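Please find the structures below.
Paired with chain B in one complex and with chain C in the other, chain A is shared by the two complexes that follow.
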Partner chain A sequence: MTVSILTQALIDGILIGGVYAVIGLGLSLAYGVMGVVNWAHGEVLMVSMYISYYLTKFAGFDPYLTALVNILVLGVVGFILQKYIFNRLINRGKAAWRDILLFTAGMSMALQALFNLLFGAEVKSVETRYSGMLELGNMLVSVPKLISFLLAALCCAGLYVFIQKSEMGRALRATSQDRITAQLMSINANLVYCVAFVISLGIVGLSGALLTPFYSVNPYVGVSFCFKAFIIVAMGGKGNIPGAMLSGVIIGVIEKLGGAMVGDNLAQIFIFVLFILILLVKPEGILEKRVRG
Partner chain B sequence: MKQKKWILPVIVLLAAILLPVVFHIGLSNMSILISVLLYMYWASSWNIMGGYTGLFSLGNGIYIGLGAYLTGCLFVYANLTPYAGMLVAALLTGVFSIIIGYPTFRLQSIFYSLATFALLGMMKIIFTNFQTIFGVNVGGSNGFKFSPGNDPLNMQFSSKMPYYYIVLGMLVAVLLVSHWITRSKRGFYFRAISANEGAAASLGVSVLSLKMQAQFISAFFSAMGGGFYCMFISYVDPSKMFGVELSINVMIMCVVGGANTLWGPVIGAGLIYTINRIVTMYAPSSLNGLATLISGLILMICVFFLPGGLIPFLADEREKRAMSRRKATLQKQSGGGGGIHE
Partner chain C sequence: MRGKKFFSILLALAMMLTLLSACGGDSADSGSDSTASGSGGDSSDTVKVGVLLPLSGSTAYYGGVQLDGIEFCVNYINNNGGLSSLGGKQIELVTQDSASDPETGVSAFEKLVEEGVVAVIGPYNSTVAAATVPLAIQYQVPYIIVNSTAENFMSTENKYVYRTNTGSTDGDNMWTLIIQYLNQVRSDNPTDKIAIVYDSGDWGTAAVNTWRENAAKMGYEVVVDEAVTESTTDMSTLVNKIKSADTDLVITACFSAATNLLVKQMSEYGCTAKVAGLGGGVGDTEFIENCGDAANGVLYSAPWIPSYGGAGDEATALAEEFNTTYGYEMTMEPCWGWLGMATIINAIEDAGAADREAVADALYQMDVDKSDWSLWFSGYDGVHFATEGQQNSVFGDTGVRYNNNDKLGETDGMVLVQVQDGKWTIVYPTSYNDGADTIQY
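Up next, the complex of A and B:
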């Protein structure tokens, strides 16, 4: 009995962990390239979940197809934000991360309050044709979670290939290593920043669509996701895609296993402890090699 | 010129002291005044580490909440008068802040912020989920309560006036300490760390120990404020004390007014609190949360258009005007002088 509950929690954790990983990857990419953290990452996810929710519920979209709309909308928003606001803040130089942290903190407060005003604080969820359970032996696997996990893994793989193989990916990596030198090699750093942020928000748009079939949305849903994304950045190492994937799964498993053992509320504490431990023991990320001895 | 700097603060202080004596202020308005002063106090405390030293903590609520709980528990279970209890609580919280600080100071500054934020979340879960901590009943998610009485020796007053003077005194104290920091050698070290940690360390500034000192001072004052808050409303709510909102609000007040300046936190707290209060008072109840929306927008606008905050912006403007005035007089003089020469 207990064993089967724990295996069930394990499977659940791995599946949801895949989605956490994609969300964290968005933040990790922006942080890796620009060295700034977007505090409103979770709220952007919340916005994309609302878009998916309304499109699925009232326009009859397939929940996974809404990802395209999300990516388009958030990509444009990301481009505008980066080009007209964040690039200016970054080019101001001194303590840019602090300015961006503050700006996005304001953005996150404003978005939460705005969506609370517009759509109300109640929890919204939508029944889709994917809702259902798959029986594997004596385990039950939720179908939408499985599909979302597979799509998330696919997205990570695609992004990995893009970053490692394409010319733009090379420019992204170069800028993240050393902006000045990259600029000397005729890379347009401002453009690279725009691309990084568009990808970052685009991934969040995708994640919103991935979550919609099995996760309910309210204006404050972003907070816990945002925190998990921070942990993934710290744990996976900046811009490290396999690291982010692994950390996402670890967080998902800890959350679900902890939840099965001591209850969901108290299980959160394990995630906080994990975050602090990671920062103390291996602040450069679990899959990164230590640079200085 | 030098004496002039003292005049304005002293006048403001005198006005603040006389305000409740001269005017009759109602009970609810008195609470508002006390809250404003308390937020000014907390923002100034945050400024010592967040502004001067660049320890951009997002978990100030840890210290505020611990101060509140410790003061309350010492008062209720150990019968310690809160005047001493606040000090004890503040010292203990200061020590706790150093224990937090020691491992986290080595992190990159962005991860220091995130680590303090994580600790804040942990405190909230601990204090809402456990009824007793170390054998002391702290009330769990219901919060820590005691029944208020009328006992001046234990900081229990029937009117609000004494609280007003206590918090005013605390604000003056933290401002004096901040002023000392801006003028003393230690303050210059703090700001050197904030400007460039590596350079400061290479010039022989002992970064770790100074960061600890800044964190200790800041946590000490924050905790005193927490203790005062606990005695003032006889109730500590873990989801308010350790909630994200309080910590972020205190930080916003300081940043909007101008972190790294003496008067920035005071002006910022006064401004943001007043706007919040007006919006919540006059907005229809269907627009619940409008105040948060406006605070968020103010923060965004402020970061984008007024880097450094309101006070540095105003000082810059004044300097620009003075410069152009000086230029104008110089031109006039040289023009006049030329006339005489001819």
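Up next, the complex of A and C:
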């Protein structure tokens, strides 16, 4: 085990962690604002990866430009789902989070089966113009991963500013704290929920495009990312953007450093051990202040 | 409070999903009115053969293409007069989905038994084979194992379970020959540092075991030894380990996603070690397309199939027909599907009855050579099962294995192929190239 392998692992961990972070952020936002979990998060990611794959491969799109299409398509899907299904479930009664969990669990299986039927189960990946390495001394930085990381960080920063500074961002925060009180302050909670879910799915659309230059897609690809996204939500604190970014990078770095020391497969154990520790010690998330009462 | 409740629901849901997937897997093809159990009743117009394959889940792709090969074989017989010893009866396939999962596989196998199939072919996954082989012996149903190259389930003495293709320990001879050949081609830089990258499931683990055991004998050192899975999302660290260890050859036994990732990331990080696949991902129709230029130079110790060249006239014509029917070139899985299915058909013909015991006895006595139609798409010398005490059996040479095919031939029906200019080309045995060394190594 040399220092150079560990340094290289650190670089790779930070870069891939940025992408994990954005995937987790989408889940975190919907959970943070609405208190509901989208179990089909990974499958939505899979759908966006298929869109990016086909646009890049057969329509000659730049893989990163496909993000715009993804965001548009998934944003519309998110709006329709939220307006016509989730909002109805939420307004109907108390256990909406359970209904939505079950609904999206079904959706996740249906999407896997549908995409298997439509596009086959084989693994697909595409060569893009983004390849190659930047050499820093004897370290290598993968260009597509660096671009993906930077776009991911930009997305997180932009979203953070949006939520902290804009009127809609304030409405989002207010609704997440107390929906009834927010409504009393003349905030349209249904609209806020729609915005939250559209952003949530839009971010997943972006993630799909970020993964395309270096990752392959098949109908079951969502599962491995979905678990990491859940851990990011628990670690970062629900709806906490810096927390999600930090958790993503931590998971990336643990995965890569662990991989360098004991192998990628065993390194997954470290991530879950950390997850359990955080659930036990700081269940509100690493960056959240503990609220008593 | 709410958080706790939430996580308990989440856990309950996860458990429910597992149960659901275990219950699923009803097949579209099983729309038959006869549900009588027993041994394939002679009264109907068809002879039912069960197919157990992963049609959903992580290995759905392989199960799907293997099913194509099996169907293709059945259609060939049905369109050419059916089973001659049974007065031209047609074969009817009853398909069940194992969902790539042993538990689902067990209930799917039991459904096939209840359907009254005369034999079962499958199940692609070694893990599913390990779970279902005991059932075949218990219910006394002939079971032709296709793919599923792990050896752990081939150690029970019985007359029902047979495997037509090679097992994971069969590639040894071939690889001893290949390593010798590589050292002869590159006497300036012998292949003495090997990295092993394998899928953590049964097949991957079993496939690379002998690579560790044979290190001393074959004169190399294992410098990297790592398990990966289909859900591994990044291999940069692994690639860097391979690179900094100055590896000559990377032996992989991984499925599609992992193989693509490894090959692409090795090329990205400028890792010049050659990759040699033992099967799985390298055998995919889309492997070269997915990896693009990074695929060039990749080696694959492949079971011979007609598309590599040297096939007979019937096989060439049929492979062409397969291509037009299914829209892709016949890869290893459909070819092995054909061999397994054809062996079942041969056994039913020999038995002259759609009866489980008679078919099992016929399989036990099976002895066909290379010219038989069942071997049109395989490179083996014949089909004959090695069973203790049986005449002509070489049982005992390769450890305790019951009913494995012992007519595999010197190279175990394999060739070494390499991606050259975006196409698979045979590079060993050199007899395919009139003795010329065409390998890029």
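One rule holds for everything that comes next: the second predicted complex is superposed on the first by the 291 of 293 C-alpha atoms of A that agree within 3 Å, B and C clash if a C-alpha of one lies under 4 Å from a C-alpha of the other, contacts with A are read in each partner's own complex, and residues count from 1 in each chain.
Please note the rule applied: a contact is a pair of C-beta atoms (placed from the backbone, for glycine too) under 8 Å apart; a residue touches a chain by one contact, two chains touch by 3 or more.
These numbers come from a predicted model, not from an experiment.
After overlaying the two complexes on the shared chain, residue contacts for A:107 are found with chain B alone; chain C is out of touch. Residue contacts after overlaying the shared chain place A:37 against chain B and chain C alike. By the touch criterion stated above, A:275 is placed in contact with chain B alone, chain C being left untouched. When both complexes are overlaid on chain A, the residue A:216 reaches chain C alone and has no touch with chain B. Counting the residues of chain A that each partner touches, chain B and chain C differ, and the larger count belongs to C.
By the touch criterion defined above, A:85 reaches chain B but does not reach chain C. Contact with both chain B and chain C is seen for A:265 once the two complexes are overlaid on the shared chain.
Judged by the touch definition given at the top, the superposed model places A:5 against chain C, while chain B stays out of reach.
Of the two partner chains, both chain B and chain C are touched by A:283.
After overlaying the two complexes on the shared chain, residue contacts for A:97 are found with chain B and with chain C alike.
Overlaid on A, the two complexes show chain B and chain C touching the same residues of chain A, namely 35, 37, 97-98, 101-102, 105, 109, 112-113, 116, 223, 265, 283. For chain A in complex with chain B, the touching residues are 35, 37, 85, 88-89, 92, 95, 97-99, 101-103, 105-114, 116-117, 223, 227, 230, 234, 265-266, 268-269, 272-273, 275-276, 279-280, 283. Interface of chain A with chain C (complex): residues 2, 4-5, 8-9, 12, 16, 35, 37, 39, 97-98, 101-102, 105, 109, 112-113, 116, 120-127, 131-133, 140, 142, 214-216, 218-221, 223-225, 228, 255-256, 259-260, 263-265, 283.
Note for the complex: chain B touches chain A at residues 54, 56, 103-104, 106-111, 113-115, 117-119, 121-122, 125-126, 129, 244, 248, 252, 255, 287-290, 292-293, 295-300, 303-304, 307. Contact residues on chain C toward chain A in their complex (touch as defined above): 2-3, 6, 9-10, 13, 17, 20, 56-58, 60-61, 64, 200, 226-238, 240-241, 244, 256-257, 260-261, 264-265, 268-270, 281, 284-286, 290-293.
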